[in-house]
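Paired with chain B in one complex and with chain C in the other, chain A is shared by the two complexes that follow.
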Partner chain A sequence: MSVTAAPALLDRDGLNALVSALVAQGRTVIGPTVRDGAIVLAELDSADALPFGWGVELDAGRYRLVRREDGAAFAHSAGPQSWKNFLHPARERLWSAERTPEGDVSFTPQEPAVPSYAFLGVRPCDLRAIAIQGRVLTGGRHADGGYAGRRERALIVAVECTEPGAACFCVSTGGGPAVDPGYDLALTEVDGRFLVRVGSDEGAALLEQVPHRGAGPDVEESARAAVDSARERMGRALPPVDLRALMGASLTAERWDDVAARCLTCGNCTMVCPTCFCTTTEEVTDLTGDHTERWQRWDSCFDLDFSYLHGGPVRSSPRSRYRQWLTHKLGTWHDQFGTSGCVGCGRCIAWCPAGIDITEEVAALDTERAARGTETD
Partner chain B sequence: MKPTLAVFKLASCDGCQLTLLDCEDELLTLAGEVEISHFLEASSSVAGGPYDLTLVEGSVTTAGDAERIRAIRAASRHLVTIGACATAGGIQALRNFADVDAYRRVVYAHPEYIDTLATSTPVSAHVDVDFELRGCPIDKRQLIEVLTAFLAGRKPNVPNHSVCFECKRRGTVCVTVAHGTPCLGPVTRAGCGALCPAYRRGCFGCFGPSGSVNLPALVPVLRRDGLDEGDVQRFLHTFNATAFDEELSP
Partner chain C sequence: MTDVPVPYRVVARRAETADTVTLCLEPVGAALDDFTPGQFAMVHCFGRGEIPVSVSSVQATGGLAHTIRSVGAVSAGLCAAQAGDVLGVRGPYGLGWELERARGRDVVVVAGGIGLAPLRPLILRALAEPATYGRVNVLIGARTPADLMSRKEIERWPTSYTGVTVDRPDQEWRGDVGLVTALLDRADFEPARASAFVCGPEPMIRATARDLVFRGVPAERIRVSLERNMRCATGHCGHCQLGPLLLCQTGPVVDWTAAEPLLSVREL
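Presenting the complex of A and B:
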């Protein structure tokens, strides 16, 4: 394993060659590109489709594309999608069944579609999110085979974060703008060039196919400085308290009523969140009743039907549904999966139409708890 | 014996019944599974009830409608209302917020010929309804799903959630967040496949309030995005005006 190899340097032609090499391997290359007034993730046929010279201006409930003088390709955050759109697709057929005229029923499991993805531009927060979601979907006794196959075959070219957005708060979730292991190649964008570090044999072999040179200490130093500066420029932060304990102590907080009055219960936060994994299944039959299919599709704890048991939903009030979202992300996720469910990517803040801000809600819960504490003293 | 199907209309534009005729790929199969006993838009040959499944389009706007819907209910084992008119009173329910006599005088040369109720009301305000399928017009796939579910004896798989779910599932960029476009998607029931936002338009609310709606929370968002109080009211007062109004002051 050549992960200790000295960092290399790619220029823009080198980046183009990297994408061409991935395409030549038969991979579906997914990366950021501009569409419909946002930087979305979509299939790229060349590095030219990357959002060179585009950045974003973010606020709670607001996302705008802005031009950047420096021509950077990866200086944007909190897009409307995440890599889960590809690894854990919104809809997937699980099996189908046929009934013969004699009344026999035969089942056909769906062979999951396992495209060979290459993800270009995975930010450090999103790499952590992939690891968290992977633990959920493949960790237990009932692994999601489709997910596992897609994840297993995917090649990851991460990009360190040199431009956090106004909604970003990864540092206060214990992460940061520097990339953790789990990538095949990791890039750091420095003045229109890309410092490359190798994280796997596959990454090393790929780099061999692409014209590059040694990076040298100056570029390495600039890259480190850019990432260090990003760490200091987080747009937001969670309060520095034990969030799991805070969630546990806040089940009867009044703040839930306050946020419930503003929450549309539209479910956008869960669908843009790179770690939210919930799905439901639906049966699709045809008019004759001779053919049926079972589909898995994204669901959300904001959907009334999500908690429907006999006779009605368990979480019928917006209060209980918002509380489920927040306490699951920051509290009970630890009990289930051993980590927090939030990486601080900021998507739920930017893409909430009502501009509800997870960091603000947590801070308010913390303040309320402190006030409660004083009262009882 | 195949189950019998009937289609009736009250005050409506016929668009929802037309959706049934639009199901070109499924019509022959459907005709194989049910006996179409009464469907004037398709055929003038009609058979009397009782009907196993009746689809009703349109709202109740006259005393005659009110009587007819009771007769239709009495002749139907299952009654499913289709479309914004039948489920929420439709666009003609704007009269509920106005003076019908004034309308009558302004619009008709001989207002005395017009015999109408002061309100347009959904079928469910008059008789028991087994299932309400919303939309203006209804969605073809959802209609087939309702018919399929009826034939299979199960509950139709028609979601309660918002249009936002459909935007996110199909990868449409949110028009409110990214463009500042006023959109009723967060409070509107999914069903159309999030058609308008896919064309960079805000949702008009054709499918009425979603099953878990918090409309008062959307008003400040619409105001933020440039609508004044009157605009907000006009935005909500289209095909499902009465249904949205009820949600505004629950």
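Presenting the complex of A and C:
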């Protein structure tokens, strides 16, 4: 890989040129922008649409946009959406079938939509989430071809985190405000300019197309300091224990009743979670009854129908459904996919209408286990 | 998910009980890969949807049989299918019984209700190879005599022991009444060198497996077939989770050593 060793520096015009170059490549550029009182991910035609001067104020069950004096573009925490909205769409047609008057039936696979995306402003937590979801949907015996194609074609411009929110806890999930490999370009915002590191040949070629200059050691130093400072300012943390073992030891914990008394089982946490991948299927017919389509859509383990078997749902109590979500995310995800399912982005905390805080629930389970005297290593 | 159903024609339809039908299917064009007993297919009823169904017969010709109880919109639609109708089938999915792990051992098959269907091809295979397997026992329980499937066929199987019991007898019933586990007293097997295969409602599976372990059958030699909601069968939809298991990938047949701790937790 011919990656340039020395980081480059872009100013705001350079960032504009970067977006223009991506648009000129025929890519659909997706990035953060202010809409409806939130920072959402949407198609951008110019870097001017980025949320310059906007930050967010977060807490359990709370998300508010706030003005920032410094005019920063990427000084906001995760919004309600994640990149799964684009890589793992909420609705997809899987196949369709036709029945002839003679009763013969033929099935036609749906060619998956594989747009050429460029993702601008991917947080380190979300970059890890993309890798985790990729592992879930393409790492097993059966690969989701649509997901694989979209991920393969997508160009990723990551942005290191210099402004963690009050709901953030990536460091305690083994990630961090610094970016891991998996990007094409990685930006770090420093005083209105952007330090650029190259992570792939495609990223290097892209950088060549936009005006930039070398970043001096001062800028690199400032960028490092900003990311280091972010690491120290995490709003929250999961307890520093083996979470997989804690989940396995907590299946009959009393805390599930406590959280079930607050949980509305609305499924918001699963919709905003960047790794939650579950889907269900629907059969849709036209009026003739001779054309039918199989659609896949996002589903949530909080839905009663999720575990439905003839006779009723396996998990009917809210207690069992919250337990399924949490023990899967932090525990059995390891068994199934060799990794945790949590990246510490904090979305499930901010977007829970009841303000349920995953870090608080896990800490309570840890305390309860200690009280039971069944601590296991 | 990229698997698309393959057309299969219903060539025979056999009513097993008042609510259960066996459909014999032949591929319209190319057949799916071979199924092994215990594996399942996603069977599509046009305009209604898909359900997971274990294979109850596997033919060398590529033909399949599925035994389906009418309990919902899709299964009712499939039960209503007639000879000549075309269905969609995709598979094979999941892990089967792995009868070959019982080589040289006594075989104990315990079925509850329609649970006999996925065990049928296993029983036939074990009986067809008497030199490979020890004594073959088939123990069957059903709610009522009317819920017993394949009664005539069962009588013809040359097993060492075949027992049939019902929960609620009718006027004509002269056989056993009670739990299927009670038949274990009369079965002809040596626990320490037996392999067991169990399919039925979850409470029946739990009771049977625990009884077998109590009698000395090693837990790792007891295979049980479990059921959960399934949408994709390819490990991506998340519905078939049972703790660490994705039953479409690491099941539906699992060792009792893996199933026991999971089935002990309510609503897992």
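Here are a few things to note about the model shown:
Here is the rule we go by: the second predicted complex is superposed on the first by the 372 of 377 C-alpha atoms of A that agree within 3 Å, B and C clash if a C-alpha of one lies under 4 Å from a C-alpha of the other, contacts with A are read in each partner's own complex, and residues count from 1 in each chain.
The rule we apply is simple: a residue touches a chain if its C-beta (ideal position, glycine included) is under 8 Å from a C-beta of that chain, and two chains touch if they have at least 3 such contacts.
Keep in mind that what you see is a predicted model, and the values were worked out from it rather than measured.
Look at A:L309: by the touch rule set out above, it reaches chain C but stays clear of chain B.
Shared-chain residue A:P353: touches chain B; no touch with chain C.
Once the two complexes are overlaid on the shared chain, A:G289 sits against chain B and chain C alike. Once the two complexes are overlaid on the shared chain, A:G267 sits against chain B while remaining clear of chain C.
Judged by the touch definition given at the top, the superposed model places A:Q324 against chain C, while chain B stays out of reach.
When the two structures are aligned on the shared chain, A:R233 is found in touch with neither chain B nor chain C.
With both structures placed on the common chain, the touch criterion links A:R12 to neither chain B nor chain C. Once the two complexes are overlaid on the shared chain, A:R372 sits clear of chain B and of chain C alike.
Across the superposed pair, chain B and chain C both touch chain A at residues 282-283, 285, 289.
Those residues of chain C lying in contact with chain A across their complex are 1-7, 28, 44, 46-50, 69, 71-72, 75, 84-88, 227-229, 231-232, 234-239, 241, 243-246, 249, 265-268. Chain contact summary for the complex, chain A toward chain C: residues 94-95, 97, 99, 103-109, 136-137, 140-146, 251-252, 277-283, 285, 289, 292, 294, 296, 299, 301, 306-311, 314-317, 319-320, 324, 327-328, 331-332, 335-336. Taken in their complex, chain A has these residues touching chain B: 35-38, 40, 61-65, 80-81, 85, 90-91, 260-268, 271-272, 282-289, 297-298, 300, 302-305, 318, 321, 350-355. For chain B in complex with chain A, the residues that touch the partner chain are 26, 29-30, 32-33, 144, 147-148, 151-152, 157, 159-162, 164-165, 168-174, 176-180, 183, 185-187, 200, 211-214, 216-218, 220-221, 224.
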